[in-house]
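As structure tokens, here come the structures.
Each of the two complexes below includes subunit A, the first together with subunit B, the second together with subunit C.
And now, the complex of A and B:
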């Protein structure tokens, strides 16, 4: 059930109506049934997978809570780790490693006959396994006491607003909320509703519109050059941002309407001044998860700087691989890891160069420097996104080379047969509106204070957004990009 | 340095600890540490942040999120958060 489908809107309306008319002590049942129904709509069989890993994690958490002995706790932690990572490996990575091994063996004419595992990866698998693992690790570390209520724990593992594509919540933040009483709050409901509308705008007006242009070029990279490729690369950066952050806004908004608070997942990443800052603003829940549960324990063991750099590189290769079981994602992660290490190594020299070229005591030079930093980080992201979006490794050099071939600014060189100048104008205006709203949000909490505005302003804004979605939205039900991860 | 006389003693202690740690780790004179400037301003990268969090956990005697310094990127804001979080807990 896609968020942008009529089925989902009907489902959500029913859940919201029933939720606030159900006594507090039974609400977890309603949300749990709704969440499992939501997941079953993708594929019924995967509900059993979700239930299975949930039971393992619940049991492991309880057993860890019964003993202070580290070795015994570790046994149950490993049970949870193997169950979750085992399922993730089987459904997401088995075929990738299997195919890679087959290619390697074939290159040396060695017989290799391990069959392919023909199964579709369950939606949200990468997200809910990480969320569940985070719980197990927190219980092991003593940061969280085990959840004794199986129903509440099952709800934490399957909460429908964030089940398919995050944010990857922490047990210390989300689990306690399921135990609290949530009275209907009309202001929170309206604020959440606005965020949902904004998410739909980002997804349907910006992301799905840009996808038409991006897909045309990336699916046939040899047929395009110059401005077509340049625009496709720029558009993909905004497409993936609007697609994923749009989904996140819808998830956070729905949870808010129900009275729950999910973590922010994006904080204007394209305004970052360094690559490190970018990763603190992009898909925040994943990066924080990786930092807390993978980078931190590994980095503590590093005694030399080069070991720390190796950990950084390795961690970002894992982040790349998390996104997809394909070599271009590995390359994407490796590139980002390299960029971070390079930035760290060159920081002292770059700081000296900045002091010479952009003396900070001159306001205009300071602002110019900051603008240049943002432009460089965006360029690095765009290059990384070529690795990310390309359909195969062999497409990457084609796209990069064709970007600089026969660059022209004529209409034919910019527009596409299925993406006219009018479509380009709509896309451009929508992106400007996106930047304007984000700029405003940084200065005052637009989404958090919407319900406190005068009634006429609330009507005007929500109706304007609805109008924009209905007039300019793409209604051909494209799945969210991050659902494939 | 900012005036920290009006803050709670706990926040002041944490600020002093953090300032001393940053000064030692980045080989800067303690008097040059401005608690409002970010850790990154003093050249602290991810690896240095990990070490700081690890030692801070030991000093405070409680587990901390490794990514605390993202949300509280300066000595002053981190100290205030840790004091508030301790009171809530």
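And now, the complex of A and C:
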């Protein structure tokens, strides 16, 4: 059940109506049933997997809470880690490693006969296993007392707005909210509603429209060159951002309408001045998770500078692999890791060069420098996105080469048979609107203070968004890109 | 406490409906979607008191020529229609026609295995039906398919062209190639009999296959796919056909099922798909037995099947073929009497 489907709109309306007419003490039951139903709509069998890992994590948490003995606590932590990562490995990574090993063995003419595991990966598996793992590690570290209420814990592991694609919430933030009373707050409801509309706008007007262009080029890279490829690469950067941040906005907005606060996942990443800053603004919940549970524990053990660089590189390869079990995702992670290490190593020299070329006392040069930084970071991301989006490793050089072949600015060189200049104009205007709203949001909390604006302004903005979605949205349902992770 | 949210929500919804109505009006005025079919429905209302017969179903209805039948009839068929759409349309438009006496419904070998609601690729056709049918009765979805009903009814707002037609009509008068526009205008023309486009004059060359052969094979395969996906489909089509007969008879309207002539080539194609043809025959016989329906099968009529000059492709009659066949059908059905009734 996709957020952008009519089924989901009906489901959400029913859940909202029932939620606010149910006494507080029973609301967790309603949300839990709704969340499991939501998940079962993809495939009923997935529910057992979710319930199974939930039970293991619940039990492990309780056992860790019963003892102060570190070795015993560690035993239960390992139980939770193996259960979660085991499921993740079996469903997401087994075939990838299996195929890679087969290819390697075949290269040396060695017989290899481990069969392929024919199973569809459960939606949102990487998200909910990381969220559950975070809980177990927090309990192990003593940051969070174990959750005693099985129902509430199951709800934490399956809360439907963020079940399929995050944000990956922390137990310390989300779990306590399920114990609080949530009275109907009209202002919060309206703020949440606007965020939901904004998410739909990003997904249906920008991401899904750009997807038509991007898919045409990326699915047949050898057939396109010049501006077609350049535009497809730029468009994919916006597509994936609007797709994922659109989902996040809808998730946060729905939770807000119900009275819950989820963490921010994006902070205008395309305005970043450094690659490091970009990763502090992009998929924040995953980056923070990785930093807290993987990077810092490893980095603290690194005594030499090169060891620190190795940790950074390794962590980003893991982030790449988290996104998908394929070599292009490994390359994507490795490239980002390399870019970060390179930026770190060259920082002193770059600083000196900047002082010479862009003296800070000249305002215009300072601004030019900042603009250049943003452009460079965006270019780095675009290059990484080619690695991310390409259908296979062999497509990557084709796309990169064809970008610079026969560049022309004629109509035929820009539009596609199934994507006219008119549609390009709609996409361009929508992107401009996106940037304008984000720029505003950076200066004042547009979405948080929406309900305090005059009533006519609230109506005008909501209706403008609603009708923009209806008039210019793409209604051929396309799943969110991050659902596959 | 709930008063304020409720009042604000009502105002929000009302304002939304008002904006939507304005946008519908703009869309329908400047560049209507499914314009030919909408014009056809407008003409239907215009001639409502005169119309004695209508023909519904799929594109085999090209074989009907009301002028040759000397009948005041009106074409309401659409290419690729299934029986569920036939019932849906009749249920919505028959009450508008006070003098309707005859309804002609085409039957093809795939009729009992076809459902446009089955897969995404044919949902557009279903939505078109929802979009063009204007009456209150048209708000009842086929098989509870609310999704396509909503999409269809919202078609003037949620336009597939992203409002390009409207923008073009405001900004420029010359969108696209002028010749293409003229060609489209001819194809979208609706005559006084509700026929969209022109009766094709083109003649098929004896025994030489056209692209239609492949299309027909694809359609047969699609119908098999639908049948595999829903083995109860034939029964459902049968029930719908029966309901159609009952609905029309309650209004004293004569229902005539017919299979118009097709070429020998098409018959050979269908013969290769015996289960499909046999199933259609079986259910038609059941309709004849249980409801005493009138059914005329010209599909293998030798007077037509070998005469390729009557067809413009394997299973569609051209203008001269339609004229000759329609006279024959009128004769068999005794339509001269209908006109005098």
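Keep in mind that, in the parts below, the second predicted complex is superposed on the first by the 485 of 485 C-alpha atoms of A that agree within 3 Å, B and C clash if a C-alpha of one lies under 4 Å from a C-alpha of the other, contacts with A are read in each partner's own complex, and residues count from 1 in each chain.
The rule is simple: a contact is a pair of C-beta atoms (placed from the backbone, for glycine too) under 8 Å apart; a residue touches a chain by one contact, two chains touch by 3 or more.
Just so it is clear, the model here is predicted, and its values are computed rather than measured.
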item	value
First (subunit B), second (subunit C), both or neither touched by A:409	neither
First (subunit B), second (subunit C), both or neither touched by A:299	first
Touching partner for A:26 - first (subunit B), second (subunit C), both, neither	neither
Which of subunit B and subunit C A:186 touches, first, second, both or neither	second
First, second, both or neither for A:422, with subunit B first and subunit C second	second
Subunit B versus subunit C as contact partner of A:462, first or second or both or neither	second
Which of subunit B and subunit C A:473 touches, first, second, both or neither	second
Contacts of A:280 with subunit B and subunit C, given as first, second, both or neither	first
Overlap of subunit C and subunit B interfaces on subunit A (superposed complexes)	none
Residue ranges of subunit C touching subunit A (in the complex, touch as defined)	1-2, 4-5, 8, 11-12, 15-16, 19-20, 23, 146-147, 150-151, 154, 157-159, 162-164, 167
In the complex, subunit B residues that touch subunit A	40, 43, 45-47, 50-51, 53-54, 63, 65-67, 70
In the complex, subunit A residues that touch subunit B	141-143, 274, 276, 280, 287-288, 291-292, 295-296, 299-300, 302, 305, 308, 311-312, 340, 344, 347-348, 351
Residues of subunit A defined as touching subunit C within the complex	6-7, 184, 186, 189, 420, 422-423, 426, 455, 459, 462-463, 466-467, 470-473, 475
